[in-house]
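The chains carry the letters A, B, C and D, assigned in the order they are written, with residues numbered from 1 in each.
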Amino acid sequence: MVQNFTLLIPLFPLLAFAIIALLTRSRNRLSAWIAILGVILALALSLGVFLEALAEGAELAVNPFYGAPIVWYPYGTATVNFGWLVDPMGSAMLFMVPTVCLMIFIYSVAYMRHSHTGKDGHTIHEDDPRYARFFALISLFTGSMLLLVISSNLLQFFIAWEIMGFCSYALIGFWSFRGLKEHHIDDAQVGRARAASIKAFLTTRVGDVLLMTGMILLFITVGTLDFTQMFSPDGLNNMLLGEPPIGALQWPTLIALLIFGGTVAKSAQFPLHIWLPDAMEGPTPVSALIHAATMVSAGIFLVIRMYPLFVFDSQTGGFSMQTVALIGGFTAIFAAVLGLAQNDIKRVLAFSTVSQLGYMLAALGIGAFVAGSFHLITHAFFKALLFLAAGAVIHAVGTNDMLKMGGLWRKMPITFLTFLIGALALMGIFPFAGFWSKDEILLEALRLGFFSESGAAPLVQFVFISLATAAFITALYTGRQLFLTFFGKPRDQHFYDHAHESPVTIWVPLAILALFTTVIGFWNTPFAPAFTGYVGEAGLVGLPVPFEHHAFDQLALISIFVSLGIAFGGLFVAYFIYGFRPVGAGQPDPLERLGIIYRALASKFWLDELYGYKINLDGTARAGLLVRFVGLLSRFSYWFDRTIVDGLVNLVGWFGRIMARLWGWFDKHVIDAIVNGSGSVTGEIAGWWRTMQTGNVQNYALIAVAGAMAFAILFLLRSFT
Amino acid sequence: MDGLVLLYLSPELVLIAAALLIFGLDLLWRGRKSQTLGFVALGALVVALILTPIIALRSAPTLPFGVEWGNQIALFCGACGQTVVDISYWSPQQIADALYVSDNLTNFFRLIGCVTGIVILLASYEYMATRKYAGEFYGMFLLAVASMIMLAGSANLLMIFLSLEFLSIVSYIMTGYLRENKLSNEAAIKYFLFGAIASAVMLYGLSLFYGATGSLNLVEIGHVVTTDTNYEVLSLFALALVMAGIGFKIALVPFHQWAPDAYEGAPTPVTAFLSVGPKVAGFAVLLRLTLEVMFVYRVDWVILYSLIAVVTMTLGNVIALVQSNVKRLLAYSSIAQAGYMMIGMASISGSSNPLEGVNAVLIYIAAYLFTNLGAFLVVIAIENKTGAVDISQYGGMIKRAPLLAVLMVFFMLSLAGIPPTAGFLGKFFVFGSAVNAGLGWLAVLGVINSLISVYYYFRVIRPMFFDPVPEGAPVITFDPWLRFGLVVSAIATLLIMLFPMPLFNLATYGAQIFGVAVR
Amino acid sequence: MLSAITFLPLLGAIIILFLPNDNAIKRFAILWSIIPLALATVAWVVFPTWPEFTMMNGSWCSPEINAASLEYYLGECIPWIPALGIQYHVGIDGISMPLIWLTTLLTTLSLFYSARNISTRVKEFFALFLLLETGMLGVFVSLDLFLFYIFWEIGLVPMYFLIGIWGHEQDRPQYAAIKFFLYTLAGSVFMLLAIIALYLFSTPNTFDIPLLTATRDNSVWAKDVLISTAAFIGFFLAFAIKMPLFPFHTWLPDAHTAAPTAGSVVLAGILLKLGGYGFIRILLPMFPGTFNSFAIGIGALAVISIVYGSLVAMAQTDFKRLVAYSSVNHMGFVVLGFAAAAALTNEQLINPELGNYFNSGATAINGAVLAMFTHGVITGGLFFLVGMLYERTHTRELAQFGGFMATVPIYGGLLLLTAFASLGLPGLAGFVGEFLVLRGSYTTLTLLTFIAVIGVIFTAAYFLWRVVQKVLLGKADEKWVNLPDLRGYEVLTLVPLAVLMIVIGIYPNWILDTINAATEVILKTMASV
Amino acid sequence: MINDIPLNYFLSLAAALFCIGLFGSLARKNAIAVLMGIELMLNAVNINLVAFWRYGSPDPILNQAGIVFALFVITLAAAEAAIGLALVIAIYRSRDTVNVEEINLLKW
């Protein structure tokens, strides 16, 4: 029964947003509680739907909760309708999203209070001046994320997707402006936030436009955007009716790739990943919420939603899934490598997010649908946990720079513990969530790549190798982070003194998330694959074929040990470099000995300089080549507009005056000459009439008579011919 | 002589008689009470205006006003032929040597003439109040109106010549009316010399016409040239010379050059008259000539008319762009307006129904009349108080005289042909007839020209609204007569646009008199 | 009803001339302008029952005209110049209805806003503004080409004075005003010739739009390629200049920049729409064949407008100029939509097997019309915001601003909302029209639409880069320390627009339903049997 | 006797006279001389008219249009001369010159 109220789920946070924005924006505490209340209500309803969905079991996949009662717009004789659609993966998202959001909301209540030293030396605690604004925006974000999850229509999905993009923009740029009396942020931060927010929005905009194009083409070829209709037996086949658009590229491939473009930008995959590290300029809860747990995973969710299309494409010979796998696999290792050289505690996590998202995509790309989906869920929990814990550290210490931390576990043991749990999960160490999901992916890659009945697939082999390597590096940089932050000696005494254990509203959410991180993995162990049964057993809407699933076998066992070995290997190397001999105060990072490689890593392979733009620490930004080119083009266009286009118009506008002058000139020179000529013919001396216009009436009369004669001659010529 | 002749000629007779009366009274009163004489003149014009529809009704008494005006001919002057016959132009074989006709076209121009006269008279009271010899002016003015009407009614080369000279001579006198004013004197003598030469040239053409066809009657000449091709060369040559005289009246390029000088120098009410009266009458003659005499040569004169139209409107508009004196600017503007009318003349030829072109010209004339007079009335009102005739002196007029400023905008819009004004309707008909006649290119040139014209018309408006009031500039007041004239012009300009049917009917009846003779 | 809506403002303008003092004028003008708004609202609310008002019983026009205009509602028809077959014929359908409503709304808001900001020459301002409203409404209601043309031109003169008199001194208002006037007139005179040609070559000779459309396939003007092409070009020039379409757009930045705030609002909000309205009312139903052959070219111009407009906007340093160029960019989408619909072949329109094409065409037109409406709302809002900022700072240089999100949060919030609506953020009004246009035009003008999509990115870029970043973000400057936030009346001016932006963005069906009804009719008339 | 002279002779004479008059009116500086030139042109027309009447009319006695026209032209020439002279006097009074070239206050 609850399913009929699914559409109300996003309404609560959206309502909270409206109330805060319009009514209570000056009341900080009240706004926070309204926001939290909104999420709690949404969570309650979501859990209701989730439980009802669980009760339905795997059958839900082919027969999902669905309704599309809202006519959004009519076109010609048809309409586009909005509504809700909940299938097993959707219901899992409905469980994950509000839970994580609620934790983050509660965490933010305290986090958005800042402490600084007043003039008299006392420590002052005060709310951020934009406290209410923060809660309004994250409410809007949560609402649209929930709307996205339950969307029944790709257009509806897209709208929610874009509103999230706006929230992301606004929250990255949360500190992108500064009033005269605001002293808790400095100008450099303002500059960085400003540039980062625009960078994020525009980069994702590129993907959005690709997605929109794909969506429109899908609409045109299939004739609908409603998921259930689209994936109905006839729907996708319609795509093959039309002429292939570009050469050998068939419609499903083109559309799938365009839609995947949206994912690439939103989930920060190579080459559009450049925005995510800079997005860490936002407040930490935002990083946790948007840039780790939920919004970036919306990109993955898009691929999950459109999975029948990708499968259909590969069945008809397209290469879209291979592309997904390739990009995912490459990004997984690429971002992991970059994560090695970051000193900002949040940026390390940001790159790890990119890398993990690559994991999911690689899994989806090779056909490991369930594994990828499960990693999406677990990753949300442990990445949120990591970010929040890192935020607690930042909040306590007052800096992001890991090289200025060290030995913090003594000062903040709870935070340390939760961070440790999250880090272990990320590395994929038993028994935390990441271990189970990551292991599943590696297992699938191993199985499909090397032990498939249909022969070896080089691409999947590449994916496996890349993912395995990435797992190693993940353990390495996570270990580095752990050692630099919490172990060794404090490298900056001032910050160390400043550090303190987090207040209860901060560590309680951490603890809850840590709990989830610990237990959620057991939802889908290789021995008892409940999640697999729920999500994968009956396939998907429009794809009613169960996803291939193998019972626990030898290979799985080997895989467990392999992945554990990789993780421990990475951790050991990290310990060898950073833990065994801790980096001292003022010492450079040992990795800097790598020279040019380190510099390449630290500057992210100079991609920003190539097609994005680089944001410096002091808040200035340097445009990359592509951006500069657009700027140049713009200035040229304006010059063109002013000088050429408008110039032509003005020419026409001045035509009259020019003509007037011409007439004057004409009178003065031509007519005068004629007059003088006629004067000499009649034997009279020139100079009687200087010009026609001197006011000499005889001049006028001459012209008139000449005119009459000309007419007469005209007539005569006519008559004689 | 039939007694009806007097009735058919009554408007002209009333005007001439009133003029004589005014001369007499002025002599008697030795230049005093000139205001009264002005009212006498006004009364005469009103009477003439009322008489016109009576004449029209007389010819078809059973039908209500404005439906079917019949076609009456009044022959006049026994020395030249038979006495009056009541005969239609539509049966050319019965034509006698008629000098003067009182038909629908004449009636149309009677209305036009009387209205012109009344409006200008209203405007000239204040202007003349402070000047000498006002009484004579009113008399002269009545004669000018009468001659203008007579020109429109002339159906005979002799009569055309006489009326034209009548109108010219009166105009010369009125132009030079400000005897002590150098500009006025100069304008008059230039006007005179130019006019005299032009009419001599035209006269030469008329004599050739007479020689070629042996007749002075337009219809007869038309009959001859239609049936007999022998006279083609001579007739066309003569026609070209005649065009000089008519072109001079209308101020067509290249016979236009007197106009700016005369307009600038003449007293402004006279300028107003010059910009309407002779032009309108010239078109009446041109219409008669075109349709009754030389329709058979249409291939030739369509080229000629198109050429003249293009050159006239282009030159008028382009030179007007650089004028700073409002009177001179309006002079060039009226040259350009004549160019638009020539488009209508040119499009008489080609279409299946040539009368559409006639219609367009007549409607344009009526629209132009009110608009142009209105504009001149504004100029007069401003000149009366400040003596200003330069655009730069018009600053802040919206503060000093809001009514004048607003009406000036309206009249300028009308001259530029922007709705909802009579000028738009006129252009609409003219361009429409051009398109219909297959002269689309002419219409395109016409609209381009009307675009150019907007620029200078708005140059007049601009200081009135945008510039500040000059230091010490007086608030402009004007007497109720002038205000009345202004309001009448404005309302007429508006109503012609909003309710064009009466005018359209009038023009149609006016055009009906022509039966087109095709070889 | 329609006559009342159209001519009430004119009556108001006349009454204003006789009112004694400025305050009375202001109050009267605002209250008076609400009457047409209310009437238009009523007309829209009773939309479902329109068929009962198809043609007033007292129509004095010929039965052919009555038969041809069955799809137009609230019709009134009186012979005006019978000799030329000119009627005073008004009527509306689902396309003109929203535009009429928008006109009345923006006028009321503009007057309301101007009441506080115009202190010189009050009487003239309000009278001219109401006159302008009559002109604009007249274009939307008239169903006779002659009438259409007259109303089309009537709007020019008040706008000329609004720009010239109340314009900002440093922007050369008189130059801008005459440029605007001449430019627009240049287009419309050719339209006049085209109108005349249509009249002359139609059987029966008529200026009536429905009748011309109905008799299109039997008429000389449509059969003769030369005439129909020439007439099409005449109309197209007028509309393209008004829109404005590249390369006829250069009057727009000057006029917008120079005009007073309310003038810019109406100029961008309504006057530009007249061009778009001409496309849908005249070009599409009356010249489907000719338009079809020009569709690619016009679509290309539209795409150039989109991309080029956004690029040029990006280079602006003047806030108002930027917004002006953004209009070029956005109106490009409108034209693209119409061109896409025109690119449908006759077969695609009538063949039921190809219903998808019909629906695509409908989507394109719906989108274009909705884009016109939302552009009016959004850009109107933007111009209000620019004007409010200018009132406070007396500069429009973007480089001078910064950090206003912190110092004037209400202003900042509204500007943010409007800017994002304008750049087409889904969930706000601008997106819907843009999406529908792209959706519709991908079917027929695929390649061009691909390029147009690039413009979407640039649009986002210049709004974020230029508007949001320069004005709202960054560090607040000492010199704006005393900058007051929006006052009550200013917020009140913007709130209706903001509400519209959100409501249309979230739930556009209510307006698209109206539009779609008319669109179907137009698409059906486009097909020649 | 007169019948022996062909029409062309009269016409040629008239044309010559007309051209002389035209030339005079266009070329002479003195306003009075210009007036005289105009008179010459009018007289040329008269010759034309009378000659045409005499030679061209089928019945010169009954149809006297040409000669009547000539009479009117003569009358009119007188009127024109009167008005012209009056204007010349006026301009002489105000400007102390009758040189046409110098009467050029109004121009452009």
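We take it that a residue touches a chain if its C-beta (ideal position, glycine included) is under 8 Å from a C-beta of that chain, and two chains touch if they have at least 3 such contacts.
Only a predicted model underlies this, so the values are computations on that prediction, with no experimental measurement involved.
Participant: Which chains are in contact with both subunit A and subunit B?
Facilitator: Common neighbours, subunit A/subunit B: C, D.
Participant: Have a look at B-D versus B-C and report the one with more C-beta pairs in contact.
Facilitator: B-D
Participant: Can you figure out the chain closest to the middle, judged by Cα centres?
Facilitator: C
Participant: On a CA-centroid basis, which chain has its centre farthest from subunit D's?
Facilitator: Greatest centre separation from subunit D goes to chain A.
Participant: Round to the nearest whole Å and give the separation of the Cα centres of subunit B and subunit C.
Facilitator: Spacing between the chain centres: roughly 43 Å.
Participant: Could you tell me the distance, in whole angstrom, between the mean C-alpha positions of subunit B and subunit D?
Facilitator: Computed value for the inter-centroid distance: 27 Å.
Participant: List the centre-to-centre spacing of subunit A and subunit C in whole Å, with centres computed as mean CA coordinates.
Facilitator: Distance between chain centres, rounded to whole Å: 35 Å.
Participant: Between subunit C and subunit D, tell me the centre distance in angstrom, where each centre is the average of that chain's C-alpha atoms.
Facilitator: So the centroids are 66 Å from each other.
Participant: So which stretches of subunit D touch two or more other chains?
Facilitator: 22, 25-26, 34, 100, 103-107
Participant: Residue numbers in subunit C touching 2 or more other chains?
Facilitator: 182, in rising order.
Participant: Among the residues of subunit A, pick out those that touch two or more other chains and give their numbers.
Facilitator: Within subunit A, the residues that touch at least two other chains are 695, 697-698, 701, 705.
Participant: Once the touch criterion is applied, which pairs of chains come out as touching?
Facilitator: A-B, A-C, A-D, B-C, B-D
Participant: Which residues of subunit D touch subunit B in the complex?
Facilitator: It comes out as residues 11, 14, 18, 21-22, 25-26, 31, 34-35, 38, 41-42, 44-45, 48-49, 51-53, 56-58, 63-66, 68-69, 72-73, 76, 79-80, 83-84, 87-88, 90-91, 94-95, 100, 103-107.
Participant: In the complex of these two chains, what residues of subunit A are touching subunit D?
Facilitator: Going through subunit A, the ones touching subunit D are 682, 684, 688, 693-698, 701-702, 705.
Participant: Which of the residues in subunit C end up touching subunit B in this complex?
Facilitator: 81-83, 121, 124, 149-150, 153-154, 156-157, 160-161, 164-165, 173-174, 178, 181-182, 185-186, 189-190, 192-193, 196-197, 199-200, 230
Participant: Note which residues of subunit A are touching subunit B in the complex, please.
Facilitator: Answer in residue numbers: 655-657, 659-661, 663, 692, 695, 697-701, 703-709, 711-712, 714-716, 718-720.
Participant: Using the touch definition up top, name the residues of subunit B that touch subunit D in the complex.
Facilitator: 79-80, 97, 157-158, 161-162, 165, 169, 172-173, 176, 179-183, 185-190, 192-193, 196-197, 200-201, 203-204, 206-208, 210-211, 214-216, 260-261, 264-265
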